[in-house]
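Each of the next two complexes has chain A plus one other chain: chain B in the first, chain C in the second.
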Partner chain A sequence: MVSLKKYSGTFYIFLKNQTLTKFQYRGTLWADILFFIFGYGTQFYLIFLLVGKFGTLGGWTQYEVMLLYSMSILSYTIACTFLMGLYNRTPEKIRNGEFDQTLTKPMNPLIYEVISSFSAYYTIHVILGIVMVCVSFGLLNVTLSIGNMFFLILVVIGGAMIQGGVLVLFSSASFFLIGDNPLVYSVFVTLRLLNENPISIYPPFAQIFLTVIMPFAFVSFYPAQYFLGKNDFLMFHPMLQYLTPLVGLLVLLAAAALWLCGIKQYKSSGN
Partner chain B sequence: MIEVNNVSKEFKVYTRPSGFINTVKSAFWREHKIKRAVTNICFNIEPGELVGYVGPNGAGKSTTIKMLSGILTPSAGDIRVLGIVPYKQRMKNAKNIGVVFGQRSQLYWDLPVRDSFVLHEKMYDIPKPIFKDNVKLFTEILQMEEFIDQPVRQLSLGQKMRANLAIALLHNPPVIYLDEPTVGLDIVAKAAIREFIKEINKMQKTTVIITTHDMTDIEEICQRLILIDKGQLYYDGDLHFFKQQYGGDYVITIQVKSNSINPQHPMLSVVEKEANRIVIKGNSAELSLVDAIDFYNRNYEIIDIGIKESSIESILRDIYTGSIQMQQ
Partner chain C sequence: MKMKAQYYFTAIRLGLKSKTIYRASAWIGSVTGIFGLLIQVAIWYALLGAGARFDTTFQTMLTFSILMQLSNAFVATFSGDAISRLIRNGDIAIYMARPIKLKQHLFLGDFGRNLFAVFLVNLPVCIILILFYGFTIPPDWRTIAISIIMLINGMIILFHYRYILGLVSFWLIQNPFTSWGFQNVESIFSGRVLPIWLYPVWLADLTQYLPFRYFFYEPIALFVGKSTLGNSMNSLLIQCIWLVIFVALEKIASHFALRKLIVQGG
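Let's look at the complex of A and B:
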């Protein structure tokens, strides 16, 4: 209990100050929102045009692919809100020795890194992501029961945990790798894009990879099957459409455990 | 309170790769050498002690401090601080210690100093009354009133260092590690910091380990000296004893009333001599300073006297350059 108070109190102060600083730069904030709308909006519209033109993509209609895309974006923005700082800034701190400070705090180092670099303004992206998911369901003419609505929320959280887990995993790489490795970090961005399409269009090894090794298929492909009543389960069991929250939890916990293990490898820097 | 037993720390030092293939390969494997930063170090520190931890650049001071604070895991040996193994129980250890690295800041760049303090209040779960008292007291001793409400990025080096010292002590840790806290500071800031360390030690019996290259810090603050070089321990003991044993040289300038100084002590050597003034050199291992003065005082009427003893600084310089040999 005491420790919960410690973490929430610290988090609150970081949040307050960070939000204050962020809103001092109002221009950047607006630019950021416009960038989001243009970037993701264009992509959204492209799917509409291209998939519409070819009829279907791997048996999925344009609106269905748009749902895939928006579920992936929504869970991604949630993951970024919490973990983008960890992914972007912590590796640099680990390399230059600034991470020393984190290790002398009476807090779990991973939680400290997360709350000290929490990106509150990303919540604006989350809101835009929610809008995109709602639009997709609207276009599809699917109305969700209360139960399904609840499951959708779990799925989005699960998807955020999967993508977040992978962010944590990549962030931990800097404990194990030598020197700076910009390549490693661009891999994540590329891999993630794979879950914006129905995985049924990929060759089998990629489908296995995205289900078992880097389970991005659980972010939107499998759960979308549930909401759309689809049944192209490929080589996998139909149960998978319910498993996103569980997979998310496992991926995040495993990544966190690996990250914490990585601390033993930390070398600081001479000073 | 602090027990260090046979502790060593090795680092792998990598060579830079060249060529594309080697660069890709080097993310996972590189040629490396083993660098021993600290070798077989032992010491015990009791509550309330003020210990100066000195040695030339690269001696292994920071590495030791990092192992004591739980940042680095020793390659061999064991460490206990208040019964806790720092690198295993990091969070528990963190509550007991305050750390200041002169080269790094604990403060948050965009925040006013006061907000950084509040952040630590939450993080360390400091009871409100203790927090308030400490902020008030530290602000006073370290003269922080003028800048406590300014964002950190606007502060001078000396102001930042004072704030760093304060923040490290807000939770009343029984142990503090100060790694070059006075580096790059002016005389006023240095004096404020020394005063503060002594004051806190007196009030709260705080155990202090300080590394510095400014021997005035050591002479003003510490009772005990630990000397390391190339990762090995060379001396651990009382500061005065160290001075006597390795320094002990003194130079006395004496002016007398009569016009010729003649009798000479066999243990003293003459550096300079005029009709009524003599400069002599001795070593306290052979003849104590008091006896030397007494010798002249018995034979002459002294009108003026000047004494210069060797400083820690000069002794260390002689040790580092090898003109004094020490056994480990």
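Let's look at the complex of A and C:
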């Protein structure tokens, strides 16, 4: 109980500071918001244009692909709100020895890193993500019952835990690859891009990879089938459409354990 | 002259070296960079398969995607982010004191880094794709020659454009023009993801008044047979006009940016 109070108090202080820092350049903030809206709008329109022109992509219509994209973006932005700071800063901290400071703090190093690098800025993306999911369901004429809405929230949280877990996992690679951690910069983005299309268009090895090894298919591809009443489960069991929250929890816990193990590899740069 | 060439060569070598110090990192980073192309190939294969729709075949789109990937890999530039960072940490002062201009330094450094990605990753993957699926080659040498000239022009224009956006950092410390959102907006006008010949007429018309399609779309459209030599001469002329505009804008922006610069500390 005392720990929880301590963590929440520390989190509040960091949150306040981060928010004030990020929001100090008002002009840039508004320009960013405008470009984010145009940026997501552009992606949406490109899907509409491409899939609309050809009818379907791997058996998915334009609005269904838009739902896949928006579910993926929403869970990604939630993951980034909590974990992008950790993901971006850990390699640099390990390289220059600044990680020493984290280890001397009187709390779990992973929790400290997460709460000290919470990114309030991403909440703008989260709001846009929610809007995109609502628009997609609207375009599909799908009305969700209270139960399905609750399941959608669980799926989005599960998707955020999968993407967040992979962020933590890749961030932990910095403990082993002292140099410029490439996983941090490009592998995650690539996996995310794969996830924005129906994975049925990829070769079977990629489908297995995205289901079993890096389970990004659980972020949107499998759960979207539940909401759309589709039956495109490739070589896998239809049960997968319900498993996103569980898979998310497992991925996040495994990644956190690996990150904490990685600390043992850390050798300070010294000064 | 000899001295200057030596400086240029050193800047390219340093750019290349920055990629080869952490070899595993550079390899993984570059390999993942090619995944964008492989995703495009999967999408076009799913949409077109063995047939042709809207006068477009899978092989046309494969050629289009490969050329787009290679062109973008050659001029991948982070000059905008680099300028922002140099201003924030004050290192810009060191670059001002160097014997070559900041613009040349960033261009050559990017070029060195890009050589690694193009020749060791992009090109081999593209060759494998070509061996498997084929490649559309124009029937006459003039089309190939003009496409290459236009591609080189497009690379120079794109670098100047990105550099000008980077210069905005002299006025706005957090530069929104280097953001993901802005680049996405560019992408729809450039025909990078979806070729402009598949756009609705109103959008295709709109792109003609903006510089983006003249970076790479026009030369590649000519190469894959979606534009004629006659049209391309017109596009070449428009490219030259955009080049003059961007070079002039860059000179003006650089002049005022240096006046604005205050280096902290000492």
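Note that in this section the second predicted complex is superposed on the first by the 266 of 271 C-alpha atoms of A that agree within 3 Å, B and C clash if a C-alpha of one lies under 4 Å from a C-alpha of the other, contacts with A are read in each partner's own complex, and residues count from 1 in each chain.
What we mean here is this: a residue touches a chain if its C-beta (ideal position, glycine included) is under 8 Å from a C-beta of that chain, and two chains touch if they have at least 3 such contacts.
As the structure is a computational prediction, the values presented were derived from the model and not from experiment.
Enquirer: With the two complexes superposed on chain A, say which partner A:K5 touches: chain B (first), chain C (second), both, or neither.
Expert: first
Enquirer: A:L57 contacts which: chain B (first), chain C (second), both, neither?
Expert: A:L57: touches chain C, not chain B.
Enquirer: Does chain B (first) or chain C (second) touch A:N17, or do both, or does neither?
Expert: A:N17 sits against chain B, while chain C stays out of touch.
Enquirer: According to the stated criteria, A:Y202 is in contact with first (chain B), second (chain C), both, or neither; which is it?
Expert: Second partner only, chain C.
Enquirer: Considering only the touch criterion stated at the top, classify A:A31 as touching first (chain B), second (chain C), both, or neither.
Expert: A:A31 contacts chain C only, not chain B.
Enquirer: From the superposed pair, tell me which chain A residues show up as contacts to chain B and also as contacts to chain C.
Expert: Comparing the two interfaces on chain A, one with chain B and one with chain C, the shared residues are 177, 179, 181, 183.
Enquirer: Residue numbers of chain C touching chain A in their complex, please.
Expert: Touching chain A: residues 21-22, 24-29, 32-33, 35-36, 39, 42-43, 45-48, 53-54, 172-176, 179-185, 187-188, 193-194, 198-200 of chain C.
Enquirer: Provide the residue numbers of chain A that touch chain B in the complex, in ascending order.
Expert: 2, 5-6, 9-10, 12-14, 17, 21, 97-98, 100-101, 103-109, 177-179, 181, 183-184, 264, 266-268, 270-271
Enquirer: What residues of chain A sit close enough to touch chain C in their complex?
Expert: 25, 27-28, 31-32, 34-40, 42-43, 45-46, 49-50, 53-54, 57-58, 177, 179-183, 185-187, 189-190, 193-194, 197, 201-203
Enquirer: For the complex, which residues does chain B have touching chain A?
Expert: It is residues 11-12, 14, 24, 26-28, 30, 58, 62, 66, 69-73, 90-92, 94-95, 97, 99, 101, 103-104, 106, 108, 110-111, 115, 118-119, 122-125 of chain B that touch chain A.
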